[in-house]
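We just call them A, B, C, D, E and F in the order they show up, numbering each chain from 1.
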Amino acid sequence: MRYLEYPRKLKDIIENLSQEESYQAVCHRHYPDQPMPSSRVLEEIVDLLREIIFPGYYGNSSTRPDSIRYYLGVNVEKLYDLLRQQVYAGLCFDCKHANREDLLMRQDRAAMISIKFIEKLPLIRHLLATDVEAAYLGDPAAQSKAEVIFCYPAIKAITNYRIAHELLELEVPLIPRIITEMAHSETGIDIHPRARIGHHFTIDHGTGVVIGATSIIGNHVKIYQGVTLGAKSFPLDKDGNPIKGIDRHPIVEDNVIIYAQATILGRITVGANSVIGGNVWLTSSVPPNSKILQEKYRHKGFMDGDGI
Amino acid sequence: MRYLEYPRKLKDIIENLSQEESYQAVCHRHYPDQPMPSSRVLEEIVDLLREIIFPGYYGNSSTRPDSIRYYLGVNVEKLYDLLRQQVYAGLCFDCKHANREDLLMRQDRAAMISIKFIEKLPLIRHLLATDVEAAYLGDPAAQSKAEVIFCYPAIKAITNYRIAHELLELEVPLIPRIITEMAHSETGIDIHPRARIGHHFTIDHGTGVVIGATSIIGNHVKIYQGVTLGAKSFPLDKDGNPIKGIDRHPIVEDNVIIYAQATILGRITVGANSVIGGNVWLTSSVPPNSKILQEKYRHKGFMDGDGI
Amino acid sequence: MRYLEYPRKLKDIIENLSQEESYQAVCHRHYPDQPMPSSRVLEEIVDLLREIIFPGYYGNSSTRPDSIRYYLGVNVEKLYDLLRQQVYAGLCFDCKHANREDLLMRQDRAAMISIKFIEKLPLIRHLLATDVEAAYLGDPAAQSKAEVIFCYPAIKAITNYRIAHELLELEVPLIPRIITEMAHSETGIDIHPRARIGHHFTIDHGTGVVIGATSIIGNHVKIYQGVTLGAKSFPLDKDGNPIKGIDRHPIVEDNVIIYAQATILGRITVGANSVIGGNVWLTSSVPPNSKILQEKYRHKGFMDGDGI
Amino acid sequence: MRYLEYPRKLKDIIENLSQEESYQAVCHRHYPDQPMPSSRVLEEIVDLLREIIFPGYYGNSSTRPDSIRYYLGVNVEKLYDLLRQQVYAGLCFDCKHANREDLLMRQDRAAMISIKFIEKLPLIRHLLATDVEAAYLGDPAAQSKAEVIFCYPAIKAITNYRIAHELLELEVPLIPRIITEMAHSETGIDIHPRARIGHHFTIDHGTGVVIGATSIIGNHVKIYQGVTLGAKSFPLDKDGNPIKGIDRHPIVEDNVIIYAQATILGRITVGANSVIGGNVWLTSSVPPNSKILQEKYRHKGFMDGDGI
Amino acid sequence: MRYLEYPRKLKDIIENLSQEESYQAVCHRHYPDQPMPSSRVLEEIVDLLREIIFPGYYGNSSTRPDSIRYYLGVNVEKLYDLLRQQVYAGLCFDCKHANREDLLMRQDRAAMISIKFIEKLPLIRHLLATDVEAAYLGDPAAQSKAEVIFCYPAIKAITNYRIAHELLELEVPLIPRIITEMAHSETGIDIHPRARIGHHFTIDHGTGVVIGATSIIGNHVKIYQGVTLGAKSFPLDKDGNPIKGIDRHPIVEDNVIIYAQATILGRITVGANSVIGGNVWLTSSVPPNSKILQEKYRHKGFMDGDGI
Amino acid sequence: MRYLEYPRKLKDIIENLSQEESYQAVCHRHYPDQPMPSSRVLEEIVDLLREIIFPGYYGNSSTRPDSIRYYLGVNVEKLYDLLRQQVYAGLCFDCKHANREDLLMRQDRAAMISIKFIEKLPLIRHLLATDVEAAYLGDPAAQSKAEVIFCYPAIKAITNYRIAHELLELEVPLIPRIITEMAHSETGIDIHPRARIGHHFTIDHGTGVVIGATSIIGNHVKIYQGVTLGAKSFPLDKDGNPIKGIDRHPIVEDNVIIYAQATILGRITVGANSVIGGNVWLTSSVPPNSKILQEKYRHKGFMDGDGI
């Protein structure tokens, strides 16, 4: 192949990539009159929500009692506009081409859902205040609650989770998952929006934490980095596809602590007040007040072998 | 030290930092007539590749059969221009100052490599379609393949890996590693571009996964978060430097599942159809159809002691 | 609720969120005459520091002996200006409203601290050169030191840590933690700025590493992904709050290697020249030259049960 | 007024500015479900149009016969999307709150108008090619037609005019005027989109040129900087408002040249092949082949007086 | 000079440009603890002011009576913060290095001035409403007042002038001139902030209009493009420098119209209700109700000569 | 035409616009291995030059004698890199496809020209200092030289002109014209880069000024807004094209003042110390010490007629 043949070669490849049999398995049919969800706008929405929930932390707003209302007013109205669009885009995402009447009904539904979500904000703020308190009390390195809100990745991840969970409760498709994946990318903490989590929840450090879709977590639970609440296996239907919607993740009761890298799989129950040590592989239920540790390690002489 | 002395003090520090003995160990001699690789441009390249491979997912392109060709045409031509520059920058990165003839030959080589890479795109798209299918079938929480492509970090990481792997096969220095590190930072999944990975590959959640440079992974393999396919140790040469190019990472055969946080080290083989449980430390080969679990944990009474 | 009622509904929610009882637990009282720390500016500061420490790696500077001085001069002066502001913002962050005299004294202190920090740059550069050397010698996949500086996330994380540690030594509040959290988000490596770490330190891959605030790490130590140097538990005061400032993290002596996913908790000592295998849960001291491995796994027949 | 009173003072002013009697005369009632025209998007539209009309001038497109089609395809499709929105915004601008049926009809009309406008692009390109040719032949300082297209402000202004004129012909409100004002700000040339202008039209230098709404300009006309084709006066209706839609600007026939700063006012005719000298004030028709110059100046002795 | 000598040559030039005798005449001694006025921030200030004065025109704000207050609240508070800084920068611009006490006093003065300026906003809005009305009534091409506010460059220029004039009245240095020059660059209309202008003022088209510092313009005055209200000459002091502060520009009384390109120089008076024709050069006063036209032009035969 | 036909319609138009007979007259054949001049980069170059020439005016640089050298060093080196590229792009602009040897020679020439231009910077700075002095002494409204440099559009336009003129002297194509057009757009002042202009040159207000390519202007000349130094007409060659390179613009000798809107055309001489009044149309030479005014205006009664 010589230099002068490159343009023709590029043209051939473009032709190849434009064949339906090449792209059909990985192509999203996106109708031009229906918006696509936008990661950039969803980031803006999450930033707005952080400003609304935690006033004064992001430098763009006053917290004088007189003027806090102006900033909240503008931010809530912007939120409503942006969220309505994105919820609408989410409602359209998996749909076939629709007639106009359908699109108008989806727009109405998106507006209604957005209002209902915004109504939950005082409650979300209240829950997050308990999470901040738990993080502050549980970490001797924390100097103040302000530091916790400003710096701790867990607060970012739990904020995104609590937002996404409410949107999922309102039956918004796709958008909740994008919002928790944004936190996953930023913090390494992967909480499925469908999980149910009580108040005073904390995650320390957090990188590598996974909380699966049907997990149920009580109040005052603390989890360390690398902990998995996952599924062991799942039944397949007669076509070999996984059956959706079966409870397959753990139940963690109140006041449980789970140390770093523990892997807890399946629809088992970790009883209240239990402590799970780090690096444990746990696939069956334990009663309340249990204390589970990894089997004692081996101390191996240095002459034994191949390096480690 | 008083306020008025600060300018002089700054001048002294600048002088100190400008001494060759201070900077020589950490300085990159970059010749002004040779481009540096640019993370920003490489991000643009990866974005273009995602648009080319998965048409319709990023809102900037039509997928009507009539016009998909326009978008692919423009994107492939942009890709060629940007990639050619970056490959050239990669070829220059570790070289000493070169004469003009050398630079021209490198430019030609960069163009040739870029064309050859672009020729592989239909194949890369085909392989990624199998990965998407595997992720969809393997996760009861996935609502559709579209959601998998749009949201799942594993698809991002595997896309970057498959791109980087082809560039490495074409002997491009540095650039492949930068591309997989971009995905590492975004997803917490660290796949060395030199690893060899079959079709229908999935990683669930993924944060903390490490797949070393000489790993070989078969078809239909599934890996969970925190899994390491690493090296145990490596021989040193007579100067105490590690000997490069020795196979030191595992071989994972077809249809293997490896659960969260398992650490598999050394040039061992995990036989086909095996299941490796979570949190296992595995440094020797296991035959096909094995099922490996961590030693049973200890259930320790709450009165035993020191906190946990 | 009908469409026309939405504006009134929004107004009610804004009113609710503006009530002091709603926002008081999560609101930062920020005085308008005192700057807030800015993540964006701190990112700019870290970028400047990387350019100053590793000349020639970021494409914006010459490394000819004649002109390196110009670039360092401009970058150090910009650094001084930006750092002075952010240190001042950090000094203000947790303070009550102050009179003018206090603010002026804080500004003076911020300038003094910034100069003292900049004086440490040659030393920080020297330490990082040892870290780069250790990473290069310890990884057969590394092609050159240049590749290590350009691509390896560990160098980014350790750079941020060494910067943040010096700022903490100078008693700057909040800012050091923000700087290490920036690296945490980018690399998944979480090193507390208060930890003390010797020269020739390396972290391989790194995602999920946690190094707690009172950890002490010797020279020539190597750590793999997912390793935790954490705290087991901590004493509470009579009000149930954790007592701050107690040593609660491990001491790791010279020449220790700790493999992936090991969890080492509490004020224990890992003696010099020891090797800790992966996925180990270690809560008591081990003498020098120890070799610690996880208890041998179980090989379970495939007929045993429920999937894994 | 003391420092502590400022917040209250600001609050009072905000209250004052929020009173309907203050803002009603200068406020645009903008309905949230109707888009506003956006200067930023209109600039993007004009940039796209320039790329479509003059391929190869803006560095982002190939002009190889093979691939020019890709770039035109993508640009025309983007243009259609953006233009449709802005035309819709223009149709909404002056309207009262509308019911859904009205909005849908406006959307359909915006799409239809956009298609019709795009159909005119080959003709607009053809006319602009004649303008470029006239500028090149008429200016000894022009080195090439390429320089004319790339640098001459007149080409920018006439391009915007020809675009805006077609949109006005299609009865788009507001948008055409915004597009010509963009060129007015950039070049100082103010051509009303309603003016009718023949082919081979040139403006040299151009700052200060004004061409009024009912002007008619023939073919092969050349105009210099500061020339006005304006209205003298206009009849008022019985309420004292100007009567809209009356022809009140000049007719300039073929092959006329008008030199710098000439002011030509009213519905007069400048006959074909005439030359109007600079700084002339002309308010009555002149026959074909006329040559009109300012009255000869006075040469005044230096001792006469007051400075000039 | 050969390629290898370029670095040394650059070094010599840098040295030359760094000599005090080279830069002293064109260098601004800027003290690092004093801010510089920033064109970018002043543009932001002008954008904020346009949003505050003309609610609903810039797409970022609601005009529902309920929520207009939120937007005005946020915008006025942002304005206060930014303006205070820029006024402070203006107060510092021409000053010598000051002690801390001076700087604090200037900061206080900047805050006081900013509050006083903001108090004028309702009045400025009221005056601009009269200008909009005059433009609408005076132009048959204007479709609505909304179009006038949205598109007409004169409204932009007069808005900047009215803002700048109030700041000058409050004795802010430099900033007012920067604000009117911003409009000058955008619209070609150059109004000195010191000029005094009545209500219902309009400028049609506007490019090239100059209104000098000591001009006085009455109510209901209309000016066309290219009109100059300038100074003829000015007395020098005994050192040959112009004497500052002498009235040297025209007085234009109520209801005057001045047509395009007229040049009116010196402290003369144009009496009420006069009409000045285009391209007139006027250097002496005219009584009320005058009508001034250029001397009749020459109609020159085409055979006369040299081209025009 | 119905909605469903739009895609096909768009496709037809794209096809039409892609035909060579449609685009050939307005298309720039741009070879992919040759850079295009970039307006964005040229703006960056002009910004750098303003910072180099006028240190301390743009807030990004120190003017302490110690550190001014760092800033100049970095800025001059950046300038060299960017300018070399743009000069190279200019050299390529009008060329046919070239072989490699030609391209390398052009690159060398671009580097040589850039060095020679940079050598002129001390001289350009010196000349601009005289222009600043003249503007300050000539305007009673100017408060300081600092205000003149910071705010006066004439300084921006003359700076661009003096830069562009040196580049033209070094035979750089296209780039000089783009640089003066940037100032033309920003200030309304259009100075051809080929004009020759002495020291102590000032333009007051400036909008609408045109100075043609073969104009020669002496020292201590002052020009007001709207003044044209233009060409009357120009001889055509036997094909009807204008003959390039003939002197066709005025010579203005030392100490001349030209008032607003005067139009001076042709290769005539305005003798030293002359004053040309505003709105004059001058097409023949005047001796030194002349004072030229427009013929006296007509004072027309108000009853005469049609409005004006």
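Everything below uses one rule, namely that contacts are C-beta pairs under 8 Å (C-beta built on N, C-alpha and C of every residue); 3 or more make two chains touch, one makes a residue touch a chain.
Keep in mind that what you see is a predicted model, and the values were worked out from it rather than measured.
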item: Chain C to chain D, fewest steps along touching chains; value: 2
item: Chain of greatest Cα-centre distance to chain A; value: F
item: Interchain centroid distance [CA atoms averaged], chain A/chain D, Å; value: 51
item: Between chain E and chain F, centroid-to-centroid distance (C-alpha), Å; value: 23
item: Approximate Å spacing (C-alpha centroids) for the pair chain A, chain F; value: 57
item: Touching two or more other chains - residue numbers and ranges from chain F; value: 10, 14, 32, 62, 67, 69-70, 72-73, 77, 188, 207-208, 226, 259, 261, 265, 277, 279-280, 293-296, 308
item: Listing of all chain pairs that touch each other, if any do; value: A-B, A-C, A-D, A-E, B-C, B-D, B-F, C-E, C-F, D-E, D-F, E-F
item: Contact set on chain D toward chain A in their complex; value: 7-8, 10-11, 14, 32, 64, 66-67, 70, 81, 100, 104
item: Residues of chain C that touch chain A when the two form their complex; value: 1, 3, 6, 9-10, 13-18, 20, 22-23, 25-30, 32, 36-38, 93-94, 173-174, 177-178, 181, 184-185, 188, 190, 192, 194, 207-208, 210, 212-213, 226, 228, 230-231, 234, 240-246, 248, 257, 259, 261-263, 265, 275, 277, 279-282, 286, 289-296, 306-308
item: Contact footprint of chain B on chain C as seen in their complex; value: 52-59, 62-63, 65, 68-69, 72-73, 76-77, 80, 108, 111-112, 115, 118-119, 121-122, 125-126, 128-129, 132-133, 137-141, 143-144, 146-147, 149-153, 186-188, 205, 207-208, 224-226, 232-233, 259-261, 265-266, 277-280, 283, 293-302, 304, 308
item: Chain A residues within the chain E interface of the complex; value: 62, 67, 69-74, 77
